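What follows is chain A paired twice: with chain B in the first complex and chain C in the second.
Up next, the complex of A and B:
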């Protein structure tokens, strides 16, 4: 188990975790508002659906990004065996980052949109999905990522220590930074604009983020399960080869309908169909690890959330993505709630569960508890995952209704859109999604309660209470 | 090197990624040439001076834009520079009003409101909004709707008033007309224009 003292960069990691979990809550509130707007139009007067949606998906990106930064800042000293370089600058960037997020959120809530000028894109809203933040804020985020890269790379140089995990991490940060520069242009030609926009969205979410998460999981496996380095690094290379080997050309599944040549249908269909392969590998390994440790580890919440990450990633990103990735199906499913079903499940499985895993691991370390267990985390785990399964299932029902009635039968006209939106299957799916969202929100509060109290409650095994220590240790 | 040696898999990862990236770069160059304005899939901006339809190809059955006879747009013919400037204004108006966070373009965006890829061609403009807005042309009906969407709402999920000016409305309508002429490999399938 981890036994090193807390480094400055680990303290910064904890700050990022706190900010990430706060934004996770904002994301849920905005998501509930958007969900309610489907069943009760005009649910929030003065805050249109578009702004609710922006707040929901932008906080999604930022809470996960902050979770990744926190994870790396927390775990990396364990790899380097020393603190990270440039922590004063990194701390300053953290507060600037938080201030920027707050300022952008207030701009979205109170200003919302502006006239059709470049000035609006710089100061108010860029109007490009996931990267709506005005350009001034995007500049700050770019600088923040650059400082993060400096922390990681400069430390490697000074420490004169490079492991396989560190090589992969550093190689991954370069495209992560470069791709974000695509957040700035406003190309007039919509086809070209979406071509490059997908480079940012796809290569972040389905490539660089996957690799980043793989690095985080690799370090966690060594810390959580004491897995040997050569095994972890072998799997890391295999996963990177599969993720990028399938994911680079897998971008083609976003190019079917944007005005690109037809050959993307074959290339995108084939390679994106292969994208679940590395995710399947993770599931296989997770089952093996769980069996090998007889489901008994010192940090049970972290272990179960890591299992949830493997299964959630495979089912949400892999299977749900595969359902709609072939062009024959995508023609009818694309741009419906079916896509939203996949998006919710995939982001949660691939990244949300992973960040929560690291937080549990870090908390155990911070609170110097020999093991972590209890009841609250199980409720949080159950409510959040059941809520997500409910949302993904409900959106799937609504999405399939759209695919049938709006796309296949109606031909995607306005009247076909309205007919599908008023279909009882669609409407009931939307209500079910809202109900599942409320369950998910309840799980969030239990999770936060557990984060605040686990390791401090009497039921948790502590070093001073050997009578309980046999219940969870491996 | 044995299969259990991480260096073997590292070499495999580097070589497979390198191959994929090279292929991607080559395809990107070809794709961007095909998608430039006036290229094989993306029409010139002056397409707004023509009538546009959307029909299945007689041989393949795949839906595609059909360009017809010259047609005045807001009562005039746009020169290439005027059309390009109008498209720029239209795209800026679309982004600054966050249209993509309720609607989709090419199916990408938010799913609260209808896809706008073929919005120009939607029969509802002629059947519903031209009489409702007392407009004699499709483009005029669209512009009047965009400037007062709550006044001309047709169902409970109303588009909010986004304070769109007359100039912005005209440029957005022009943009949507140009967009409807992009060859999207048949998406959306079965869209009826009549």
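Up next, the complex of A and C:
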């Protein structure tokens, strides 16, 4: 298994992981508050639902982004066989990034809204979902990503060593940086604003993040399962081609109801329909790897989280996504809890599980453990995944109720909206989501406990079966 | 599309992909475990997927080109898992190359 000394960039990677897992916790707390507000309106006086939701979805983006940065900073020295360039700058950026996130969170909690002037955009809230962070914070995030690009590219130049994974990674960093620039303009035409905003939200998630995750998994496969480089790289090229081939034009499914030209319905529907096929290929690959290793690897938690990623991605993005992706169905489901159900499951499967996998791998490396196993990770794995299945299932029931009563029967009127919100199926779904969220939160605490102690605590194993004295063999 | 048709259509579409996933998983397990029973189960899952595809064509109010897409996808699903598996095997048989 891996036995290199820890590089400075790997130490920075561990800091990013700590920050990511802390924000994962903040995301869960904000999510629980929002879930509770659905069933007990006004649950948190002074912190309206809109702010709870902003905290929930923005920390989702930031914890995953920090997890990706941590993964790259941790794994890349293994590719380059050297430390990354510009680590002092990268360390400074990390602390600035953390300070920025804390300042933005405090602004959202205590200031909340402004008068809607240019000053509000700069200091309080930009008002666009997922990128609400005020403009000063967006500038810092942009600089942070630019420094990250510099670390990776300058190291490649100095190391004079390029692999297929590195080519793909560097090519992906350009849109990762450029697309974030869309967070800045405030376009007054709603259709034009939504059109470009989806470039940020969709392309970040279904293009640059997918490719980034594929690069991380590629390096991880080589480290975790000792998979040969040419296998990993060939598969990486195919996966990237398939994901981009279906995902890029799959953006059309977000253009259905924003005033974009009608031809997007055909393009979006067609390419979205093809999106489950590469995900199916990933599931087949995961089973192939599991069979190759007979489920026996030195780092069982990382291995099982990697399998969870493949299956979660297929179920959350593939099955849940396909239920609502064709325009005729999407017209009723768009913007209901149904899409929230798909979003929860897909984000968790595609990215959450992947980041947790890398953290387990890094911890084994840091703690120089021969193998990672035990009981706690199984509880964390079970509670988190069951909690997520419960949340996605409950939101599905509530979302279907909304689509059925509010949209299809009620014609999207205000009274139909109220009627759907009061429907027992909707209400019970929201209660079930809260209960599943609590299970998920419990799993988070077990996961954190396991992260802190795995490889350090003494595992008590079952005693060997006693040998019978006086048996025939004696 | 009526409210009932909406729920039926979406469930059939979700079921279609879920059955395709089950086919891929069971076929892969059959190959990994070298057990023909899993492969027979995989074919049963694919048959269920075909039933879902037919149900989408017959019972949903989707336009004809979406129904055609579901039919074509159904055919594609049949080939993706075995092709992926064969490709993975041939890939693992390749000699290791040094990195560039």
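We adopt the following convention: the second predicted complex is superposed on the first by the 459 of 474 C-alpha atoms of A that agree within 3 Å, B and C clash if a C-alpha of one lies under 4 Å from a C-alpha of the other, contacts with A are read in each partner's own complex, and residues count from 1 in each chain.
The rule is simple: a residue touches a chain if its C-beta (ideal position, glycine included) is under 8 Å from a C-beta of that chain, and two chains touch if they have at least 3 such contacts.
Every value quoted in this text rests on a predicted model; they were computed, and no experiment measured them.
Contact with chain C, but none with chain B, is seen for A:283 once the two complexes are overlaid on the shared chain. By the document's definition of touching, of the two partners only chain B reaches A:264; chain C does not. When both complexes are overlaid on chain A, the residue A:116 reaches chain B alone and has no touch with chain C.
Using the contact criterion defined above for the overlaid structures, shared-chain residue A:191 touches chain B, although it does not reach chain C. Of the two partner chains placed by the overlay, neither chain B nor chain C lies in contact with A:142. Legend: residue contacts after superposition of the two complexes on their common chain; A:423 is shown touching neither chain B nor chain C. In the superposition on chain A, A:315 makes contact with chain C only, while chain B stays out of contact range. Touch criterion not met for A:366: it reaches neither chain B nor chain C.
Look at A:91: by the touch rule set out above, it reaches neither chain B nor chain C. Judged by the number of chain A residues each one touches, B leads among chain B and chain C. Comparing the two interfaces of chain A, the one with chain B and the one with chain C have residues 164, 230, 234, 332, 408 in common.
Those residues of chain A lying in contact with chain B across their complex are 34, 37-38, 41-42, 48-51, 53-54, 112-118, 120-121, 124-129, 132, 164, 186-195, 230, 233-234, 237-238, 240-241, 244-245, 248-249, 251, 254-265, 267, 331-332, 334-337, 339-340, 402, 407-408, 410-415, 417-418, 421.
The touching residues of chain B, counted against chain A in their complex, run 4-6, 9-10, 12-13, 16-17, 20-21, 23-24, 27, 30-32, 34-37, 40-42, 84, 87-102, 104-115, 117-119, 122-124, 154-158, 160, 162, 165, 168, 171, 179, 182-192. Note for the complex: chain A touches chain C at residues 161-164, 228-231, 234-235, 266, 269-270, 273-274, 276-277, 280-281, 283-285, 287-288, 290-292, 314-315, 318-320, 322-326, 328-329, 332-333, 400, 403-405, 408-409. Interface of chain C with chain A (complex): residues 1-3, 6-7, 9-11, 13-14, 16-18, 20-21, 24-25, 27-29, 31-33, 61-63, 65-66, 69-70, 73, 76-77, 80-81, 84-85, 88, 91-92, 94, 96-97, 99-100.
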